[in-house]
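What follows is a single structure, and I will ask about it in a moment.
Naming follows writing order (A, B, C and D), and every chain is counted from residue 1.
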Amino acid sequence: MKSTLKHLKHLEVAQTPPMGWNSWDCYGASVREEEVRAHADFMAENLKEYGWEYVVVDIQWSEPQASSTWYNAFFSLQMDEFSRLIPAENRFPSAANGVGFKALGDYIHSLGLKFGIHIMRGIPRQAVHQNTKIKGTDKRARDIALNNICPWNSDMYGVNVDLPEGQLYYDSLIELYASWGVDFIKVDDIANSYLYGGAHRKEIAAIQKAIQKVGRPMVLSLSPGPAQLTDGAYLQDHANMWRLTDDFWDHWDALYTMFDRCAEWAPYLRPGNWPDCDMLPLGHIGIRAHDGGGGDNWTRFTKDEQYTLMSLWTIFQSPLMYGGTLPDIDAFTLSLFTNKEVLTMYQTLTQRRQYYRDENWVVWHATSEEKEYVAIFNVSENEQAIPESLVSDLVPQGDFVYDLWHQQAILLSEQKLAPHGALLISL
Amino acid sequence: MKSTLKHLKHLEVAQTPPMGWNSWDCYGASVREEEVRAHADFMAENLKEYGWEYVVVDIQWSEPQASSTWYNAFFSLQMDEFSRLIPAENRFPSAANGVGFKALGDYIHSLGLKFGIHIMRGIPRQAVHQNTKIKGTDKRARDIALNNICPWNSDMYGVNVDLPEGQLYYDSLIELYASWGVDFIKVDDIANSYLYGGAHRKEIAAIQKAIQKVGRPMVLSLSPGPAQLTDGAYLQDHANMWRLTDDFWDHWDALYTMFDRCAEWAPYLRPGNWPDCDMLPLGHIGIRAHDGGGGDNWTRFTKDEQYTLMSLWTIFQSPLMYGGTLPDIDAFTLSLFTNKEVLTMYQTLTQRRQYYRDENWVVWHATSEEKEYVAIFNVSENEQAIPESLVSDLVPQGDFVYDLWHQQAILLSEQKLAPHGALLISL
Amino acid sequence: MKSTLKHLKHLEVAQTPPMGWNSWDCYGASVREEEVRAHADFMAENLKEYGWEYVVVDIQWSEPQASSTWYNAFFSLQMDEFSRLIPAENRFPSAANGVGFKALGDYIHSLGLKFGIHIMRGIPRQAVHQNTKIKGTDKRARDIALNNICPWNSDMYGVNVDLPEGQLYYDSLIELYASWGVDFIKVDDIANSYLYGGAHRKEIAAIQKAIQKVGRPMVLSLSPGPAQLTDGAYLQDHANMWRLTDDFWDHWDALYTMFDRCAEWAPYLRPGNWPDCDMLPLGHIGIRAHDGGGGDNWTRFTKDEQYTLMSLWTIFQSPLMYGGTLPDIDAFTLSLFTNKEVLTMYQTLTQRRQYYRDENWVVWHATSEEKEYVAIFNVSENEQAIPESLVSDLVPQGDFVYDLWHQQAILLSEQKLAPHGALLISL
Amino acid sequence: MKSTLKHLKHLEVAQTPPMGWNSWDCYGASVREEEVRAHADFMAENLKEYGWEYVVVDIQWSEPQASSTWYNAFFSLQMDEFSRLIPAENRFPSAANGVGFKALGDYIHSLGLKFGIHIMRGIPRQAVHQNTKIKGTDKRARDIALNNICPWNSDMYGVNVDLPEGQLYYDSLIELYASWGVDFIKVDDIANSYLYGGAHRKEIAAIQKAIQKVGRPMVLSLSPGPAQLTDGAYLQDHANMWRLTDDFWDHWDALYTMFDRCAEWAPYLRPGNWPDCDMLPLGHIGIRAHDGGGGDNWTRFTKDEQYTLMSLWTIFQSPLMYGGTLPDIDAFTLSLFTNKEVLTMYQTLTQRRQYYRDENWVVWHATSEEKEYVAIFNVSENEQAIPESLVSDLVPQGDFVYDLWHQQAILLSEQKLAPHGALLISL
C-alpha cells in the first residue's frame, strides 16, 4: 500500500522549525560575501550546538549596484545565457568564472551549516525584453513570461507554468541552485500579492515540483505576507514556511498584531509546515537597511518585548531567523537564542493554541509528548498581576510552576508582569 | 502532568463525525411529535446498525402556529417563567404539564438512539419586552439582553455574557436541556452573521462553558454558514461542528461550491472537530418546507450527483445528517447510507485533502491507519475519461483499484465518468 | 408644459443651506423643554438676523428617563394609541394632555424661528410586541414591521413600505408633526446603515412622499453618515440634507477626514440639496453628553482649527447646525457665526470644488454670481508660508486679496498659516 | 474679476456630448489606414449633418504585427527617438518618413470631421528597458518610469509626474499629437485600475495640464471603466469623458447594468463633462475583433434592445461612439443615428435623472430649456402594458404624448412594451 507521504515529500525536509540567520534586517539588498562568511563563522562556533543552522542570503544578490534596502528600479542584473540570475561578482568574488554560489555554499557546508538563498518569483524582465534563451527548449523568455509583476520590485515578470516550457524554466533554476548546494529557498512575491489577491498558487506548485524533481532536500519558504487563510491548505501541501504578515520590524504594534495571526494559523502547523512570523529584528540591525526604524541601530524593542517576541515565536513554533548582526552580538540577545529549556520546548511541541484572550492578557497553551507549557503575555500598557481567575484555571492553588527564561520555580499568584512583558512556564 | 485535554473536553464527545436525521429539509419550522417518533422508529430498525444515531428536532418547536419554513414574525412563543422557550404543546403533546422534551427524549433513548434539538442564539425578544425573570438571579431579561438580532428570524436578542447573569441564563438553558436528555444541540444564528461579521464568539464560549458545567456529553453544532476561516481556530476550541456554507439544497451550484469549502477547511478536522457541509437534501423532501427547490418533491440531484455528494461528504468526513423522510425512503437513497465499505472509510480516516483541481476534475486523497482512498470527481458538464496523467500519478500501470460504491475491482484507465459524477476508490 | 420640479418639490424648501441649533452636542438624548426655549430665545435675539433659524430637538424626546447620551436599552417610551411616539411629559411639560409638541412649536414660531425634531426610522418595538393600532387601517403594528434594526439604539423596527399600510403609518407620523408645526425633520438610522449596507432607500422615499402629501414645507435631514456616493443621486431626489460622516466631534482627525468627503460630494450640491458635515461642536458642549471628548467642557478645537472648520463648512455650503450652548456663548464663538462677509459668501455661492490637494495643503475655490472665493488650508502640523506656485496660480503678482474672517486686504505672498489653520479670501 | 473657468478650460471643448466612430468594435487592435479613411468618407457624406464628427483610431496603432483584438505580449512597437510611439508604417502608409498621423489627420479635417487617437497611459516598457531619451531633458526613460502596469496589456509603465521630467514627457506627447492635428484623445488604463484601485489621478492631471499648455482644443476621454464615484469630482475637473463600465458589448446583461450606472452618475453631467456608456456595438461588428460575441457578425441586440440602448444613451447624454462598420451599414442601424427628434433632445437637455425603478420598469425624466422628455423601459422578460400608476403620474388622463422614435402622437395608456423594449417620448 502506498503512503500519502508520496505526495507530501516536502514535509520531510523540516521536521522541526528551521532556525538560522538572514541578511535582510542588517544589509537590505546589499549584503556582501565577506559579511555572509563572517556570520556563518560565528554561527558555527556559537549557535550551531543550539540548533541554528541556516545562513540565508536575501534579495538582489545579482544586482551589482545594490547598496541598501532601496531597489534601483529597472537596473541591469547579472544573468546567465539561460535567463537565470547569478551572483554579482563585485559583491560575491567567489562567484566569478561561472562558479555562482557553489563556493560560498561549500564554505558554509564545511562549517556544518546549511545554505539558503532568496529569489523573486518569475523570470527577469530584462530577459523578456531581450528575449533571451530558456534552457532545454527553443522557446524564449518572451514566450513563457506573463504580464504580471511584483508591486514593490521591478526585476521580474511572472512565468506561465501552464506551458511545459514555463515549468522547464523553474526546473532549470532549481537545478542550478542544487548544483550550488542550496538547502533553503526563500521565494518572494509569491505567498501573497495585494495586486493579484492571494498567493501565486501555480508558481508555488511549479517550484515545489522542480524541487522534488531535482531530489535535493530544500526548505521552501514563501514571502511576503500576509498569507491568506483561504490559501492555507494549499500552502501546507506545497511549502514548508509562509509568512503571516508583511515585513516584521521592531515596533510593538507589529508584535501585537502577531498574536492574532498566530492564533488563527495554529491549526496549520505540523512537522514540515511552519507558518512564519518572520525574522527577528533583535540586536544590532539596520547597518545598510532602511526599513523598520531605519538606520544603523540596536533593536527598539524593550527587553520585556523581546521576551514576549521570543516566547510567542517559540510556543507557536514559528521558524526562527535572526536578523541582527552576529559578530558583535551582545550577551542579552545571545541569551535569547541559547536558552536550552526554551529551545527544547520549541523543538518538541506537538500541540499549541491560544488559550485565552482579552484586552489585557493573552495566554497560550502547548504540549509536548512529555510536558505542558503556558505563555502568559501582558499586552496592556501597565504592569499587572496575573488575574486570579487565570491563575486558578491554570494551576492548583499553591503549586509551583517553572519559569523557562529565568530557570526557576515560581508561584503564579505572586507574579507581576511588566507592560508588554511575558512569562513562559512549564506546569 | 496535566493534559491539554483538560481544556478541550468537548472534543471527546464526537470522536467520529455525527450521523443522524434532522427535520428541517422535510418540515421546515413545523415538525410534529408523531413525525419525529416515526423517523426515530425507522432509524432504530434500519440505520442504527450503520452508525446513524441522532434524531434532531429543528427550529421553532416553541412556536404553536408554525406550519412551514416561513417564520411568523413577532409571534408569541411558548416560554417558561425563567424566559426559557419550551415545546409548543399543540405540536408536541408529550410536553404538556411542564414535561418539556423529557418524554420525547426518553422515547428516543429507549430505541438506542440519541436526541438533538435546535435553538437560536440568545434570549426571546418577548422576554425582554415583558422583562421576565432569569433563573438564579434578581436580574431580568432586559438586563442581560443585547441589541443585536438574527437577520432572518425575529425571535431572539443576543445575550451579554460579559455579565455573570448572562452566563447564568445560558447555564439555565443547558441545565434544562440536560434534564430533557438532550445529546446534541444545534445552535443557530451563531457560526456566522453577515450582519455582525463572523461568529458570535463570546456566546459560543458561554454555551460550551455551560455544557461543561452541566457535565452531560452534548455535541455542539453551530449554524449557519459560511463560517469564516478567521474563526476556525476558535471554533475548533469551542465546538464540534460548524457550517461551511449557507443552507445546502439540491442544486449542482451548491454542491460545486462545496469543493472549495472542503479544500479550505480540511486542516481543521480532528477527532471532535467536524466542519459541517450541512444536511443531505436527498430522497423525499419539502413536505412542508419551501426553501431549495420548494414544495413536496424528491431530490433534484441526479444519481451521479448523489454519488458525488456522498463521496465528498464521506472522504472529507463531514457530519452526515439526512434531511429527507425515512418512513417512505426508496432503495437507492437507502443504499447511499448503508454502504459498509464507504462508512468504514468515513469512520476511520486520519488524513484527507484535496489532491488535485482543475476546471474539469477534482481529486481528493485520504488515508486511514490501514488504507489509502481516492475520490475522483468529474465537475464538468461532459462525460470524460480520467486523464492519463492523473491515472499514472495515482496507480502503477495495470494495477486494479477497488470501487467502493459498486464494490468491485476496476482499472482506472478504463473509467469514464458522467457529468457531475464521482468514483470513490481504495488503492 | 410641465416642469421637472413637479417631481422635485422638496428642493424648494431649502434654497440656501439650513442654519440653526441642535440639542445633541450639549444634552445628548436628554434635553428638556426649558433648555430648548432658552436657546430659542437667545437665537431670536442674537442670531436670527444673520440667518440662523432652526431650533432642533434631537433624539429620544419620548423617553421619560433619558438623562444623557446613553440610551436605556429596551425602556418604555411615551406613545399614543396609534403607535406614534409623543413627547415625554416629564421633560416637556407643555406636551401634557395630548398637546404634543404643538405648544413648543408655537412658541418657537412666535419668535420668528422654525421648529425641528429628530425621529428614528421605523415603528417602536414596543408597539410591535404589544401589537398596537395603526391609524386609518385595521392592520396593526406587527403587520407592518420588518425585522431590521438600528445597530446603536433599541427603540424601533423598520417599516414595510411596500405595504400600503406601511406608507399609511409614515403618513400618520408626518400628519402629526405637521399638526405640531414642525418645519424640519432629522430622521436617524436611515442615511447609512453599516448593518444593512447603505441607505434605507424605500423608507426615505416613503417619508418624503408623506411630506409632499401633507403639504407643509419641511426640511428632510437624514442621518447618520457616512452616506455612500452610490446613494447620492437617490438622496438628491428625495431629501434636503444627508450626513457625510459618522457623528462629528472636536478632534482634528475628524475635521481632516471631512476634506475628502467634501471634495467627493461637491458635485451633489444644488439649491435644496446640501450634503451635511454635521453639527458644529464649538463653544460650550457636553453638558449631559458623553460622546466626543465627553463631559462638560469647551470645544477642544484650537482657534485655528475653528477657522478651518467654519471656512470649510461655509465654502462647501454644508448646513450649519450649532451644537454648543447659546445662553453662555463666548465672544469668539459668536464671532464665527456672525461674520457678514463669510455668511454672504455662504448663502450666495453657485459653484464650489476642491481646487488643489497635497499632503500639506488643501485649497478650495468657489464662485457666486458676483465674486470668486478661495479657502487655503494648512493641514500639516507646522506653520508654513503658502507655496509660491500656489500663490502665483491664484493671483497676479502684487495683487491684494480680501481676508473674510479678519476683514482686511492682504498679500497672499506674505501669509504664513498656523498648523491646521485657514485663510478664507475673496479675489 | 477672474472666472472659475480659468481653471476649467477643458470644459469648453465639449459643450455637447461627443459623437463619432471608433475602430475597436470592428477591428480590435488592428485597424488600417484605408479602413479609417473609408469610415471617415462615409461619415462626412451621411452622418456629419446630424452632428457626428469624430473619427477615432483605437489601440496599438504602433504595433506592426497587430492583427486582431489580441495583444502580442512584449512585442516591439514603432517608437521615435524620444520614447514616443508613432504609427506602424506597414499599417498606416501615410505615416512614413516621420509624418506620423499628420497626413491622416489632415485628410479627416479636409472632410470637415475631427480626428481622434487612443493611447495607453505611460511610457513604453521597451523605452525603459533600453533607457532611451526624453525630449527636452538629459533624464532618460528609466528615470521617469514607475513600476506600475496595465493588467491587460504589456506595452507601458506608469510615469512619475511628481518629477518635472515626467510632466515633460507627457508634454512632449501632446505636443506631437497637436502637430498631427489630433482633436480627441482616448487614454486607456487610466480611468480605473483594478490592480491599483481607482483612477491614476496624477497622470490624468498631467495629461490635462499638457493639453492646456499646448493650447489646441482636445477632448480628453478616459478608459476603461468602471470609473469609481469617489473619483467622480476629480474626473469632472480634469477630463471630458470617463467610462462607467468595463468594455460594453452586445449582451442584455451589459445593457441592464448600465441603468444603475447612469442613475448613479447623473449628478456628474454638465457641459464639458459626459460620463461615458462606451461605444455602440450595433450594426456590423467583430470583423477582426474577438471580444463580446466574437467573430464577424451583426449585433446580437434585438431591435427592441437597440431602441432601449439608444434611448438610454441619449436621455442620459452619454457620448455616442459608433463601433460598427459604416460603409455597409444597414437602414435600421442608420435610422438610429439620424433621428432628428431624438438628436435634438440629446443635444439640448439641461437636466436628467432616473425617475422610477422597480424590477420590471425603469423610467427616466429629462428637461431641456423648452421641453420635457420621458423614457420608459421594460426591463422584464415579458411584454407588458405600462402600469396605470406610472401613466397617471406622468400625464393628465387622456393627454397624448409624442413618440420620438416613431414620430407620432400616442396615448400612454394604450402602449404595450416588448421585453427589453423602450418608449422615448416628449410630454
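Observations, loosely collected:
Everything that follows uses one rule, which is that a residue touches a chain if its C-beta (ideal position, glycine included) is under 8 Å from a C-beta of that chain, and two chains touch if they have at least 3 such contacts.
Listed by chain with UniProt protein names: A, B, C, D = Alpha-galactosidase.
Quick caveat: nothing in here was measured; it's all calculated off a predicted structure.
Shared contact partners of chain C and chain D are absent; no chain touches both.
With each centre defined as the average position of its C-alpha atoms, the distance from chain A to chain D rounds to 50 Å. In whole angstrom, the spacing between the mean C-alpha positions of chain A and chain C is 53.
Centre-to-centre separation between chain A and chain B, using Cα means, comes to 39 Å. Annotation for chain B: no residues touch two or more other chains. Listed by label, the pairs of touching chains are A-B, A-D, B-C, C-D. Considering their complex, residues 1-4, 7, 229-230, 232-234, 236-237, 263-268, 351, 353-355, 365-367, 370-372, 427 of chain B touch chain A.
Listed in rising order, the residues of chain B touching chain C in the complex are 73-74, 125-126, 128-131, 142, 145, 147-149, 151-154, 195-196.
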